[in-house]
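The following blocks contain the structures, represented as structure tokens.
In what comes next, chain A is part of two complexes: it sits with chain B in the first one and with chain C in the second one.
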Partner chain A sequence: MGKYVLKRLGYVLVVFLILSLLMYLVYAMIPFDRARAEVEQYKTIYKNEPEKFEAKYQELRKELGLDQNVFVRYLGWIGIVPINGQYQGLLQGDFGYSYTYDRPVIELLSEPMRNTVFINIIATIIALGITMPLGIFCATHRGGKRDTFIQTATIIGYSIPTFIMAIVFIWLLAILLREGVEALTGLDINIFPVSGMKTPGSDYKGIQKLLDELHYMALPIIVMTVGSLGGMTRYVRASMTEALSMDCIRTARAKGLREQVVVYSHAWRNALIPIITLVIGWFLSIFSGSIMIENIFGLNGMGQLYIGSLNAKDFEVVLLIQMFYVIIGLLGNLVVDIAYGIADPRVRVNN
Partner chain B sequence: MTKKILSLVLAVLMAASLFVGCAPAEQGGETVKNENKVIVGSTTDLSGDFRFPGWGGSSAGAADQDVNKLTVGYSTMETNQGGAYVWNNTAVKSHTETEDADGNLVITIEINEGLKFSDGSDIKAVNYLAYILAFSSPVVQSAEHPGKAGQAMVGYESFNAYVGDVDYDQVKADAKAAAQEEAGDAFDEAKWEAAYVAPTKEFAGVRLLGDYKFSLTISAAKGYYPYYFANTYGAVSPYHMGFIFGEGVEIKDDGNGAYLTGNWYDKSGDTYAKGEHVKEARYDVSKYPFSGAYVIKEWDKGTKQATLEINPNFAGNFEGQKPSIKTIVYTKIVQETQLDQFKTGQVDILSGITGGADTKAALAEVDASNGKFAEVHYQRAGYGKLQFECDFGPTMFNSVRQAVAYVLNTAEFASAFTGGYGTVIYGPYSPDFAMWTAVKDDITLVDYSFSVENAKQALIDGGWIYNSKGEAFVEGQTGVDAVRYKKLTAAEATDVNKAFASVENTDGVEYKTVEVNGEYYMPLVINWFGTTNNDVTDMLAARLVGTDNVKALGMVIRSTVGDFDKLLGEIYREPSYGYGGTPTYGMFNLATGWNNAVYDYSWNWSLDPAYFDYSVNKLYDEYDVAFPYYDAEGNHTKLSYADAVTASGDKLGMDYLSMAMVYDAATVEEYNQWWMAYIERWNELMPDIPLYSNYYYDVYNAKIENFKTSPFWSPVDALLYCTIKNAA
Partner chain C sequence: MEKKQNKRPSNFAQILKRMFLGGTIEHTVENERYDSPSKLAVKRFFRKPIAVTALIILIAMILFVIIGPIFMPIDLSYTETLHQNVAPNLSMMSIPSEMKDSPSSISSQGSFTIGVDKDGNVHTWGYFYTFSEDPEKDVMNIPEAVQNANIVLGAAGTDHCIAIGDDGTIYGWGDDDVAQYGRDGRMLGQYPQPMELINGKIVVDNVSQLICGDQMTAILMNDGTLYVWGNAMAKCLNLDSIYKAVNKDGVKLQKICFTNTNMFGISEDGKFITGNNKQYEIYRGQNTQEYIGNRKVVDIASTGDSIVLLLEDSELISLGAITSGPELPEGETIAAVASGSRHFVLTTVSGKVYAWGNGALNQTDVPKNLTEEGAADTVFASGFQNYAFKDGKLVEKWGLKGYLMGTDDLGRDVLNRVVNGGRMTMTIGAVAVIVSSIIGIIVGCISGYFGGWVDLLLMRITEIFSAIPFLPFALVLSAILQGSSLQEDTRIFIIMIILGLLSWTGLAKLVRGQILAEREKEFVVAAQSMGIKESRIAFKHILPNVVSVIIVSLTLDFATCMLTESSLSYLGFGVKLPRPTWGNMLDGCRNSIVIQHFWWRWIFPALFLAITVICINIIGDTLRDIMDPKSEVEK
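After this line comes the complex of A and B, so read on.
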């Protein structure tokens, strides 16, 4: 097992290097010149000194390593060749610099990552808590009225784009519900905030802070949860339906086992393998933000940072985020393979 | 069962909401006290870079700048409601502006005693010099700051070259040796010696004249004086010594200029230790005090929200105005849902609403609010525009630019784009400029109202009268003869113009410059580049490109839509941005504007190729060739406006006017005269076509009283004068 994991980690390293080189080359091919963008601010400073302006531009090109070829720059980014006489790459703990935020990339990631993980963990747990039993229920009541209704609802939910769902929920829960409550009770209550992450100007601590955050996160969490119900429910239902039709289940029933034991002990375990892939994938996705949700609800998350950096051509940020996801994805695959073995002894790697 | 679960979830969430999210309720007939707080919404992210937004550059975030504006005060000069720099009498006791023997401008400033930072510590002259000295030194340059704060002042170069207590003879010898090695036999020692800047500890143009008195000497030799806005170099703000320098640094002056003592230049290895301090202090929000109307109480980088509270020690702005709103919260909003946030009370001010749909929705909300909300609006100081490249292709000819101006119905365009909340201007000005107010009754501008006939006449007058065979142009032809051609003069027949051709020839017709009997004829084709996801691009495609009016003129406009960086690359002619090496596009759609009334376009129209990067339009005015600002030897004789008009035969070009406006004018009247002539010449040449100048609407909760904004007076400026109705 240990040898297998080590071997897989070796593959992870190789794939990481290949992908990082490809990504680096792709961004280098985009017609954009960071030195030119940075030197623009010097136009005012060197207003009547065009030769100094040009010299500054060349100085910036050198400073940023743009006078080197792209492969040298890549190796510099990794940290195995010096740029301007200094080793300053990933291996030295230098993860790049954000020119939009004017600070090291690594400093930018902590808060968006925290927010993204916070909201995704809650949404994922709620979604799994609903979809697992719902999918099993549909599979065990396949063809019934309730199954048909849930299938129809999940198809509709699955088909509606997230941004439309978000706008509809804002209108229903943040605007209409508020106006309804105000009309009925005269109370002006901010039941579901339209967007934002905390009460403006609040200085809450401890549990009050958590409640305030939950208050603001409630609507995006609802939208994310509802948005993911359709797909997962149908997936669990399909997997469970297939498991329930297996010979071993027929045997179990023939043995006179209770239906609950048949479903949750035998069928569910057989249905788990495809579901594990999906569930672990979901948990891995807690690190990646939802561009739509974060933008619509004004959340400072990874999705917003990623798209903002991409738009601003802040490629060192984009590259680091992407490589982080590559690592997460590769390690995730390893975890999935190990989890398969735990769920199903037949596919254990040391067997 | 499902319903029960949903009801339960909703009930729990509502209970949680009630616990933390209640807003003060209207209680039948009773006057409700309003919290003495305003929440300002911004679609721009706060980044925490409040102390020095942009770090000396021009790319500062608007929201960060707003927080900076609220927390930095007592600048010797501040901008007023009209965007003009005025002396701040709350901070400045007296000031004088004199010329020294070398023709430099000496600005001597005495500040008032009793000014205090938010922590109660005194503000003295040294606090005003702290920024200039520190941010002119190599120490801040080691922290990636441009370090040019004092570059306009006498002695900047020497002070900037000073790196601490080292052997400067050896430094000079090393520099000389390096120059010799690089130049080889071509090394000219005398020239090198003359150019060598000897480092000095003192900054000669910055003087500490007492506890509350200092002076700044603006350099004439470097061209910073005479200059119409030279006194704005005297606009300096006070900074806490600990904030700028950390521990152990003082500012002294022994008679030769101010200098920094102590450990300012100390190094840790190869880096300046204080450079690291400056880098850290840049993002400080709590350790060091503030000088402005507000202090930052909290900066939450997780939610990107800043909470500011009144600075009790703040004595007022240039009008002595002190704030009364206790708390200002600056928070991120989402453009698509900002109005929902506003009406649900999540923000109190939405600023800069523009565009037909958004403005209508905002005004409808104000109208329906029964007095709960209000609005204030103003015409933007700026405009959306068509920008021409004036050094090649058909757009290098004034007649073509004028024809486009006539054939595009800008009144209809502006109305459609702004939803009726905008207007058309025919020059590069804001109606809120003081100079516009001064000259508006005298200025004569060409009215480019929609007229196909005028457009056609402009083309005919401009020589666009041929077809591709060099014969007379006949309307209604097809193929390459559907457009007019112009015979190029020898000077106009450059390689670029001889190779000029249309792009995006989706109809199969390629128009290009043709040679007939040794003469070159250029087709009337404009290659236009517009950016993607841009309403203006879409509207121009529908209202200009391929319209019958354009066809009737014998003109074709070819459109290319692409990335903004590609557009910049074409304008900068920068290969690293994807520019192919030959100018292709003659027209772009962009926008421009002004943050203040310092109107200076000198060097933008220079005929000197060295200034190519400074020229937006690459327009080289023929009048400047005949009557240049600088003669062949690089000298300039200062003339009054009237004398210059006479000497040039009433043909003053863009370069002359833009230079004279700021370098020859000494009084407001002189400046206005040059400015008016500049606007008139610009309007005649139309290097850009202003498409629309929209109205900006600021909507706000009516609990905020006396809220008045203008293009140069943002909500954060206005809030200083506001009160909260029935404040708790």
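After this line comes the complex of A and C, so read on.
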């Protein structure tokens, strides 16, 4: 097992290097000159001295390493080749510098990362809590009226893009519900806040802070959960159906086991293997999926930071987040394979 | 399989016959006939009512977006400021029946129309929206005082109405934020309604003309007295100079009109009065006043940005954006010129009607029977509609009925944009799917059939591609494209290719897996032993066996690509406005004001996109079910 993991880690490293080079080249293609943008602030100082201005520009180019070949710059970014006599790359723990925020990128990431992980984990847990029983129910009641109904509903669920679902939920929960409550009780309560991260001006601590955040993130989390219900339910149902048609299930039934034991012990264990892929895959896709959600609800998450930096041409931030997504994807695949081994004894034996 | 027709032998002779002679030939064929897999699949598909419904809806959608743009071509630069955020309605031309026999005046600027009949009643029709909760600000809500009074004249602005009762009282309702009526106290640049008109009355018989412009109102008396009030700072820039001409230079106005930003008139002695405005100074390369010379101007009409002058010798002078009038036959004399917000209409002495100008909303499509002699004597052109009357009876009306799906924030027809946006979304989805399938099938086929190091290499490449996070990377690529100086069409084409290039990996893995399974079967061995070329076996013998998987994947991918395109466009990285797609139409709908009050702006594109994707997914799902032999066994 250890050897296997090591081999896979080496493979992840190779793919990461190839992909990061690819990404770096793509970013180098963007027609944008950082030195040109930075030198603008000297324009007033060197107003009447264009030669000095040009010299400053060249100096900045050199300082930023822009005069180098793109491959050299890439190696410098990784931290293998020195830029201006200094090793400053990923290997040295230098993750780049954000020019819009005027801070190192790594400092910038902590808050958005926390928020993104927070909403993703909650949404995935809720979604799993709903879809697993629902999928099992559908598989055991296959072909029935309730199953057909749920199947149709799930198709609709996964066909509707996140942004439309968000708009519909804002309309239903933040507008109609609020109006309804106001009409009934006369109180204007902001049950589901549409934007923001916390009560403006508040300074809560501990559990109160968490509750306040949950209150503000309730609507995005609901949209995200509902958005993932359709696809997940179908997946659980499919793998459960597959498991229920196995020979061992027939044997279990033939030897007179109770149906509950057959379904939850025998079939479920077999269905779990593809579901593990789903769960991990879901965590990954939800990282990029939350770009939409964060953008719509104005949450300070990774996706929002990504789009914001993209629009502000702050490419070091964009590049690092992109690499983060790549790493998550590659490591996710590795975790899937290891989890396979744990869940499925056959795989373990083969290795 | 198929329903067995177990005909029970009906009589003893038949039983004997079957026992000794076997079944009849027809009987055997009936029982043992089987269909080819594809035919069977089609048959099974059409036995599922949900799938068939989805297919019909999808075909209807596709026809809608392919044929629709032929009838509703899109003009990307089109906007209509007077029709911003109009709700779905078709009531803009539904003139009340009381008005059909006895119209006294019909007036409109934007989306609603006010009419006064000969009995002194005021009617409003069309559509008006105000954020204000105050019912007084809703122009459609005619105040009680006006309903009870006997009204002789009425006029509509863009958000207010003015009416004059037979006792000389002047009524105003609608929005009064910028002194459209009754507001005393003068804010900078605004002319309030004169006090003598608020408190006192006017001599009705002396009123020559009552007109409203955009947030402006003017009353012209027979003796040349002029009352103008409203938001003059923005909507009537030359008002001071017109006043000066009237009060100091003694010009006696005979008829006046408003454009979007100015006021013009003709004087009793037939001069064109422009105040200090120099916009319409030049006509056919000559000074307008000089061109007119000593001839008298007898009529004037104006749209938002154009003016038409009718001279006493029946020559039409078109000034501004609308540069040329209609070609009249020899000997026709013009009786009157009227104007809407974007077009002109004229009636000739012989009773023919001509319309010209901006006809984007059908304002200039004069019905056939009005081009005959003696068809109409009066035409009320109001805003975007025209009502032709003969002897006081309504003969014909034409123009804009309304918007089936409302308009957006720039006054563009949502239906038109849904049709054209759908074509864009579907085209992008289709091209992306074709690109991704071609790559996916080729890579999958080669990898699965040849195996070995080819397989290893191709699968590693596939894995690298599938490790690229899709949405972020697509965002970056389209950001790069935005920075470049590419044509919009090329950019869209490249977006299609990018979507295809990023989404082929799933299909490649699927095809490879299928081919690995098929490769071991006997028919491949047979083909190999017959000496058929490897590539021919891979693509001609094995590929058809996995075609069902490919079709299912194609269908589902089409839906996914459409969704991706809309997501990209929604975020502003796909197709750019003003070119519509179903995704970017929702771009401006993120705030709760739009979601709540202008629901038609998001509900229609969202509905069309959702229904199309749902239908495609249902079809793909059903196809997978019927093509999967396993699912058949279980039933």
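Miscellaneous remarks
Methods note: the second predicted complex is superposed on the first by the 339 of 351 C-alpha atoms of A that agree within 3 Å, B and C clash if a C-alpha of one lies under 4 Å from a C-alpha of the other, contacts with A are read in each partner's own complex, and residues count from 1 in each chain.
Keep this in mind: a contact is a pair of C-beta atoms (placed from the backbone, for glycine too) under 8 Å apart; a residue touches a chain by one contact, two chains touch by 3 or more.
Everything numeric here is computed off the predicted structure, so don't read it as measured data.
Aligning the two structures on chain A places chain B and chain C in a clash. Of the two partner chains placed around the shared chain by superposition, chain C is the only one that A:318 touches, whereas chain B remains out of contact.
By the touch criterion defined above, A:277 reaches neither chain B nor chain C. Contacts of A:193 after superposition: chain B is touched, whereas chain C is not reached. In the superposed pair of complexes, A:295 makes contact with chain B and with chain C alike.
In the superposition on chain A, contact of A:51 is made with chain B only, not with chain C.
The partner of chain A that touches more of its residues, comparing chain B with chain C, is B. In the overlay built on the shared chain, the residue A:170 is in contact with chain B and with chain C. In the superposed model, A:306 lies in contact with chain C only, and not with chain B.
After overlaying the two complexes on the shared chain, residue contacts for A:160 are found with chain C alone; chain B is out of touch. Within the superposed three-chain model, A:15 lies in touch with chain C and out of touch with chain B [touch as defined at top].
After superposing the two complexes on chain A, the stretch of chain B that clashes with chain C is 362-370, out of 56-64, 254-262 or 362-370. Chain A residues 31-32, 167, 170, 174-175, 194, 295-296 lie at the interface with chain B in one structure and with chain C in the other. Partner chain A is touched in their complex by these residues of chain C: 50, 460, 463-464, 467-473, 475-477, 479-480, 483-484, 559, 563, 566-567, 570-571, 583, 586, 589-590, 592, 595-596, 599, 602, 606, 609-610, 613-614, 616-618, 621, 630, 634-635. The touching residues of chain A, counted against chain B in their complex, run 31-33, 35-36, 38, 40-45, 47-48, 50-51, 53-54, 66, 101-102, 111, 114-115, 167, 170, 174-175, 178, 186-201, 203-204, 208, 211-212, 214-215, 218, 295-298, 300, 308, 313. Here chain A touches chain C in the complex through residues 15, 18-19, 26-27, 29-32, 143, 152, 155-156, 158-164, 167-168, 170-171, 174-175, 194, 245, 287-289, 291-292, 295-296, 306-307, 310, 318, 321-322, 325-326, 328-330, 333, going by the rule given at the top. Every residue of chain B that touches chain A in the complex is listed here, in rising order: 13-14, 16-26, 28, 37, 39, 45, 47, 49, 54-59, 146, 148, 151, 223, 298, 300-305, 307, 327, 329, 331-334, 336-337, 340-341, 344-347, 565-566, 569, 572, 574, 576-578, 602-603, 610-614.
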